[in-house]
Each structure stands twice: as structure tokens, then as C-alpha cells.
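Below are two complexes that have subunit A in common, paired first with subunit B and then with subunit C.
Up next, the complex of A and B:
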């Protein structure tokens, strides 16, 4: 019991603290040591952030979404359109993006969870919403239509979240990712975090014990959508160009969900680990096979099938198994 | 908007709807028997289209004879898919099967890009030019033939399911797998056959539309969501429901195409999808508790 309470109070042992501080310090020195891999690192952190968003809903609350690109795209479009049309700085736009994501998440969640939609049905309804937004963004010329939105380059303008170098984006995405890790780590120790798990493991039993699973799932949806939308805004500011395919497209839903699933769904470090494995893979194969831009998706497909068949708990599960065996061997 | 234009596009919608029906019958059969939501169905349709395309281009078959090639190839692909990938994880949580089929679909589509390039290919046939008229209403021959081919296979499948021992075994396995197993039915073999039939439905529908829809690796996405809409509309696992649902969605799509810009024409069927999932998840013809 005391152990559980200690676990939930979120205390870390000294070795863990030292490791965390060392890793963070190393990551802060990285831009000066390996400046050439900054782009890949930014992508790792951004997709880890959005994967963490997916993880809150899919991994912890057990609702697998096949359409998280809808929050990603909404986040990218809201801040970009506010900037291009009204001149609003993305530093404020990001809050609107996050808010819009949360509202949309609550809307879809309200529709779905009220009727106890789950499993493949929830996955498909998310996909349908993402496709509807994709179609609207493509067909509606007021939001750029199929051509998308070009964010005008203002030079080095920190006030507008535009930088000539990659370093500011690196530190921004790093700290957002760390923030998402911290948030989920804290969440795991709260009553709400336990409700998520209860709703995931046995919906009816949780209800019978007085857990309001509907409210728990709605909160999971809100957190998840908000985090993913924030990632969308930063992504748009980093690339300065968005179009319907690169934001609302199915590929982005796959990119976001694959990271936690391969890393280990329902674990704090799963999305980061998945992103560390998948992001370099996709970036490097994209460079290596330029004329066959889909090769990395083929590899994703193979990895996904292999993980589902042999490692249902993801890479974290594998690591735990190996550590467990090692400890048994020592003892 | 004249009467003949409206009637013509509704009729064309109905013809395409017949093909949607067959796609959805394959999907709903797989779900009904194995409880597997097959996300790779669109890729199987794509494979059916390419099979027919290459059979016509390389073997100089008639496109409507090539449908049979697609049927055979896709049956084998489907049976292997079941045997080597689905059967090992049949007892895993249901979202794992969904993710597995998603992985297979990613693999197949991008393998197609790798092998056959992302270009659009058009299967040229002499039939494509032919239109005939019913009063003022023009009907394209290729769409009519696609409808007829889909209906023939759906009809044969219906007879197999209702009149033969194999069909009886499939229905028994979908109602009560353990009971069927106890009665001496080889469930594993039956699952392979069922998945093969489901994939063959996808293959035939793909081959049937290849004469009027360009073939490219991601073409499956045009249909997979539509097929899910139809399956949900008709009730998951309900074959007759999938048949009627396909016709409804075909007409709904053509109505959408009349009023909405091209990129948005599927919004109507997606909206139907969401409404059905929310308010009547057992489908139009489903029992109360779905």
C-alpha cells in the first residue's frame, strides 16, 4: 500500500533524477555538437509530443483513434489563418489552436462516448471526422483550398514564432515534449489517471464502482486533442507551409498513432521511444529513396505488423522483459 | 437541372452502388465470421484493380474475363492473409487486428508504389465509349457491366451461403464458433476460406470498376471508407444489409456530386456514417442491441 502511495505521489529515486538531469543537459548541448541532426531531432520531439497526445486517449484511456490528424490539422490551420488573415502572432494563436482542438475533441467525444462507442467504431468515427475536415479544407477556398496556406516569411521575428535558425525550434519542441512527459507522468499519479485505466480495462466494472467513465473519457479526449493541436501549430510555424494533405491526411494520423503503439501504448516513455525509432527511419529512407517516397510507409507497415504480432506491449514491453530476465539471472 | 440529368445521375449512382454493395459484402462477411475489422479491404480492392489491369495489358484478356483472374488471385491472397497474419492474433484485443490490417494495408499500397509507380493508369477498353439511352437518360455501358458483374457474384455468394454445406458451416461459425468446432467443423480452414471469399469480393469489385476508374496505388482509400459506411449502415455482419446499404450510399454519393464541389461530394455519405454510428450503431436492419 505504502509502495502504491509512493508511486502515485510521483517520487523519483536519486539515480533517476541524476539520469534525467544528465540527459536534459546533453540534449541542451546537442545543437553545438551535432548541428546537422537538428531537423531530425525537432521532428522526433514534435511527433513525440503529438504521439503523447494520442497516448493519453489511446494508451491510457483505451480509445484508439485513427484520425488524430484532425487535431493536428486544426491546430496548424487555426494559428496559421489567424496569423495570415488577422496578423495575430502564433504565440497567441497557439492558445486558440489548443482551444479549438479541445472543443472539437469534446464535440466528437460527447457524440461518441455518450453512446458507448469504442474499439473499431471509435477508430473509424475519428477517421471519418479527419476525412471530413480534409474534404472541407480542400474544397473551401476561403481556407486556402487544395493549395493550402503559405505563411509569409518575416525574417528573424521571434515575436511571430519565426526564426532564421533551427535552434529556437529545437529548444521549443524539446521543452514542449518534456512538458508533455511531465504532464502525463503527473497524470498517472492522479485519480483521473486511474479512472482512465479503469475505463480502459473494464468499462462496466468501473461504472459499477462509481467511476464516471464518460467524464473520464471526455477529459482524456480534451487533453489528447489539445496536445496534438499544439504540435500542429509548431509544425506549421516550422515549415511555414500547410496544405490539406500534409495536415489532415491519413498519413499523419498514422504517423501520430504509430509512435506510441510501437514504443509502448499506455507508458510515459512509449511515444518518445517510438519517435526516436521511427522518425530517423522515415527521414533517412525518404532521402535514400527519393523517387519512391512511400518506402518508409512500407517499412512502417512491416514494423506495425511485427509489433502487433510479437510485441503487443511495444518496445518498452520488450525492454522490461529483457530487464526482468536480467534481474532474475542476477538473483 | 433537367429531369433526365437528375435521373441519369441517380441511375449511375445506383449502378456504382451495386459495386459498393459487393465491396461491403466482402467486408461484412469477414467481420461477421471472424469479428475482424479489415482495414486492408481498400488495398485488396486496389490489388484487384491492378490484377485486372495487368491481365488485360500483358495477357490481352478481355477486361470482363480478367475479373475471373482477379477473383482467383485475391482469393489466394486473402486466404494466405488469414492463415499467416490474422489467425495467430485472433485472440488478441480487437483493436490489435484493426492495427494489423492497417499495417498490411500500408505495406501493400506502398509496395504497389514501389513496383508500379504512383502514376494513374487507365484501362482502355472499347466498351468505355459506349453509352446507350433509355428515353433521354444516358447510361454508360461499363458502369452497367460493373453492376451486372457485381450482382452476379453477390448472387452466387448468396446461393453458396444459403444452399451449400460450406455456406451452412460459415453461418454456423459466425453464430457460434465453439459450437461449430464441436460439430467437427474445421474452423481454421473455414476462416481461411471466408477471408478468401471476402478478399475475392474486393478483387472482383476492383476489377469491375477498373474500366472507368483510373488505377493507382492509393485508389483503395476512395473505397475503403465508403465500404465501412455501407457496412455500418447495413449493420456489421449483415450481408443483406450491406447489399441494400451499398445501393443507398451509391445514390447518396451521386446526389452529393450534384450539389457539392467535386472534392466534397462524399460529405453526405460520411455524415450518414457518423449519424448511423451514433444513433443506430446496429445499422438500419440490425437488431436493437448491437
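Up next, the complex of A and C:
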């Protein structure tokens, strides 16, 4: 008879904890060993954080969003404008960004989930909202218009989330990414986490079992939007320049959603794994095809089609299949 | 007889684009009763289930459970009040384990992970699925899926359980197992409203039977009486069938 306790809660065995600590320690040493890849690592972590945000809604709660750039952009704009116009430090601005993201998420969620929108309809609603914000950001000169917002560089100013080196951003994005991993990992073992999955698997069956699917999806939306908006703020502080295209653009929605989809939607490590694979690929293709600026998007398209056709559960799903076969072979 | 009816359905009607699926149906249930609901295909049995559990809203009529109006409440609220249901076409959460499937139901009464898990194991043992608790629900066989459907509903700890053809597609041995479970559930203090096509099964298991035909309630009484009712026989076999049967005996 198998052990009948602790199958719902998420726990790690001692070997896994040791492995996690070792990996984290190695990542802390990395800036001194390979300083040249810091930019790529920061991008991996930031997009993994935002991919995790997408994953909560798209992977766990089953509502595929095609417009997560709206939260990314909102996060970037809110903190940047608060800083440029009011001089508010992004350390506080990031909370406003997160809050704004959550409010917008709840608003879109209320409109969509109230009427049971899902699948392509929900994806299109998200896409529409991202486009609306793109247009507002482009047309409204008070928020910078098409030129965007240039964040004035104040030198090395830790109080303003500005650093001359990349290392502080590296550690910041690393720990935010780790935080998002931990949050989602804990969430998986709770009632709410299981309710997300139940609502994704079968809406009616979940309702019949006492799950308020509307409320569960709203909560998923709030967590998802908040996480993505936080990523937007850090991104803006890192690049010190945002414009409508690079924030609210469709490209960013694809960048964010592709990571968990490739890694494995609805899995904790999916977004990180997808980001590790995709981020270097996108940076390299962008460099290699500099004169043809759209080529990396075509490559994304091909990858997306291939993954959805052949790896519906992503790389994690593939790994599980291989492990499963191997175990069967041994037994 | 108690003053407060357990479940009371009063002159409930429901139409789909002018087609009357349920018209003016009324019945009562008492606490701890097993009520069978039968009728030919398309009689409106499942529609009635959907009305009682809040998946559909009636066009007219009243429904009360433990003295509380349940019309226009959302399904999850009706579940909280103590009415659980199974679906005729089973709807397992395929990517979740059997244990997690049942735990979703158990969380209806407790937010605690430990309590939900304990309850889920208890129910899995009760329906005989504990060996498959950690398998994904998609790997279960048809009889096991029916059990899972039942187990999840039980997890919500209902006062009234609505079973929609839980024995369809099972062999006599498996049907017997489920009948045994149904009796045990009632002994534990849960009333049951059951839709079933197997006459032998439903006659044996029900205290009382309600017969629907074309959305109208045509009989309500003890199994034996309902069986001999001319209207019921004609509903199943066609007009004049009762006279034919009568002339033979």
C-alpha cells in the first residue's frame, strides 16, 4: 500500500533541495566566471518571470492569452512615468506597476470570464486590449507618444534602481525569477492551485464540485498580470528607454507566451526551460540577420507550429515521456 | 413527515426554442430517500437534473432545498448547499490524478490540504479506487471512470446526490457493485435521486419512482405500482400496449 499522505502538497526531498541550492550558488558565481553572457542571462530570467506570469493563466488556469504585452507595457510605462514626471523611485513604482497590472487584469477578466469566454475568443480579447494600449501609448503625447519615454540616467543610483554595471540587474532578475518559481510551486499544492487546474480541465465538472470557476480564473488573472507587470518595470529600468512598439507590441506577447509553451505549459519549470532555449536563439538570430529585421519572428513562427504539432506538452512533457519509457525499459 | 420539505420541486417548466423539455413537473423528496427517475429517451430527465443543480434556469416554477430557494443560484453555490451530481457523460479532469480529482470535491468543505487529502483517500477506499489513486484519470477504464465520477461527487459531502446513469455501460457484476455503494451512501445519511435505464436495477434500488414522458410527470409512486401503471407502459411501448398485455393474461 502506497503512502497516503502528502500527495497533494508540494514537497522536495533532501537531494532535490541540495541540487537547488547548488544551482543557485553556481548562478551567483556566474558573473565572475562568464561576465560576457550577463545580458543574455538577464533576458532569460526576465522573460522566464513574465512567462511564469503567462503560465499561471494560460498553463494552469487554461486561458490562453495572446496579449500579455499589455501587462508588460503597463508595468513598464507606469513606473517609468511615475519616475520621469513625479520623481518617484521605481522601487516604489514597481508596486504601482504591479497594482495597475492587477487592476487591468481583473477588468479584462471580469469582461471575459463573466460571459464564459475562453479559447480563441479570450485570446482575441487580450490581443485587442494590447492593441488598444499600443494605440493610446502611440497617440497620447502626455505619455511620450510614438517616441516613448527616455528614463534619464542618474549614474550609479541604487535608490532609483539604476546601476552602471549589469551585475545588480542580474541578481535582481535572478531572485525575482526564483521568487516567481517558488510562488507557483507553493500554489500548486493549495486548493486554489487545484481549482485552477479543475477549471481548465472541465468547467462544468468543476462547477458541479463546488468550484467558483469565475473567481478562480479572476485570481489566476490577477497573479498573472501582476507578475508580468513587475517584469515590465525591471525591463524598463534595465534598458532605460521604452516606446509603444517595444512594450505593447504583438511581438512581446509572442515572446512571453512562447516560453512557457515551448518549455511546457502548466509546469513549474516550463517557462524557465523555454526561456533558456529561446532567449539565446532569439538574440543570436537577431544578430545574424540584422539586416532582415523580421527573420527571427519567422523562426518563432516555425518553432511555435512545430511545438504545438509535435510537443503539445512542451519540452517538460517530452522529458517526462523519455523518462517514462526508460523506466518501463528497466522494469 | 417533517414540516420542512427536503427537496421540493413545484410546477417547473423549461423550453428550448419553443420545445417544451420539462412542463409543469412537481415532486418532493424526503430526507434519506432513494428516488428513481425514469422515462423514455428524451423525456427530460437530464434536463431536470440540470435545472435542480443550477446548470439551467427554469422558465417557471419553484425549487426549494431544505427550505431555501435554489432557483437562479450558480451550480457551485448549490453544491455548497449540499446537492452534488454526476454527469451522464463522465467528465474526469484527465490530466489530474484520481486522488486530485476527488480532492477537488473534498475542498468544497475544507480549505485545508491535509483534511482534503485524508477525506479523498477515505472516499477512494470506499469506492474501491485506492489502488489507482496516483494514476492519471485519463488512464482509468470506463467502470473506474464511473466510480471516479461518483467519488468526486461524494467528496463534496452532499445531503442529496444526483446520479445520472452511473450504471450505463457496466456489466451486471459492476452494476451490482455500484448498487451496493448506493445503499451504503444512503445508510451514511445521503438522499439519492437516480436516473437509470436498467429497470431491474432501478426497481430494486428505489424507494419511490417518478416517471417522465415528453417532459411531463406521468407517474409517481412505489416501484411496483409504477410498473403496472397503464400510462407508464404505454409511454414505453406505445399506445394500446397496456390493452394488448391485458388481453394476453
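In the analysis below, the second predicted complex is superposed on the first by the 325 of 331 C-alpha atoms of A that agree within 3 Å, B and C clash if a C-alpha of one lies under 4 Å from a C-alpha of the other, contacts with A are read in each partner's own complex, and residues count from 1 in each chain.
Note that contacts are C-beta pairs under 8 Å (C-beta built on N, C-alpha and C of every residue); 3 or more make two chains touch, one makes a residue touch a chain.
Everything numeric in this text was worked out from a predicted model, so none of it was measured.
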Simultaneous placement of subunit C and subunit B on subunit A, clash or fit: fit
Subunit B, subunit C and vertex subunit A (Cα centres) - angle in steps of 10°: 80
Subunit B versus subunit C as contact partner of A:211, first or second or both or neither: second
Partner chain(s) touched by A:309 [first = subunit B, second = subunit C, both, neither]: first
First (subunit B), second (subunit C), both or neither touched by A:261: first
Touched partner set for A:190, first subunit B, second subunit C, both or neither: second
Larger contact residue set on subunit A - subunit B or subunit C: B
First, second, both or neither for A:24, with subunit B first and subunit C second: neither
First (subunit B), second (subunit C), both or neither touched by A:150: neither
Touched partner set for A:288, first subunit B, second subunit C, both or neither: neither
Touching partner for A:123 - first (subunit B), second (subunit C), both, neither: first
Contacts of A:202 with subunit B and subunit C, given as first, second, both or neither: second
Shortest CA-CA distance in Å separating subunit B from subunit C in the superposed model: 10
Common interface positions of subunit A, toward subunit B and toward subunit C: none
Residues of subunit A touching subunit C in the complex: 1-2, 4-9, 189-191, 194-195, 197-198, 201-202, 204-213, 266
Complex contact set, residues of subunit C against subunit A: 53, 55, 74-76, 79-80, 84-85, 87, 91-97, 99-100, 103-105, 107-108, 111, 113-114, 116-117, 120-121, 130, 133-134, 152-153, 155-156
Residues of subunit A that touch subunit B when the two form their complex: 64, 66, 111-112, 115, 117, 119-121, 123-125, 127-129, 131-132, 135-136, 138-139, 146, 250, 254, 261, 292-295, 297-298, 300-305, 308-309, 312
Interface residues, subunit B side, partner subunit A - complex: 37, 85, 88-89, 92, 94-96, 98-100, 102-111, 113-114, 118, 217, 221, 225, 228-229, 232, 260-264, 266-267, 270-271, 273-274, 277-279, 281
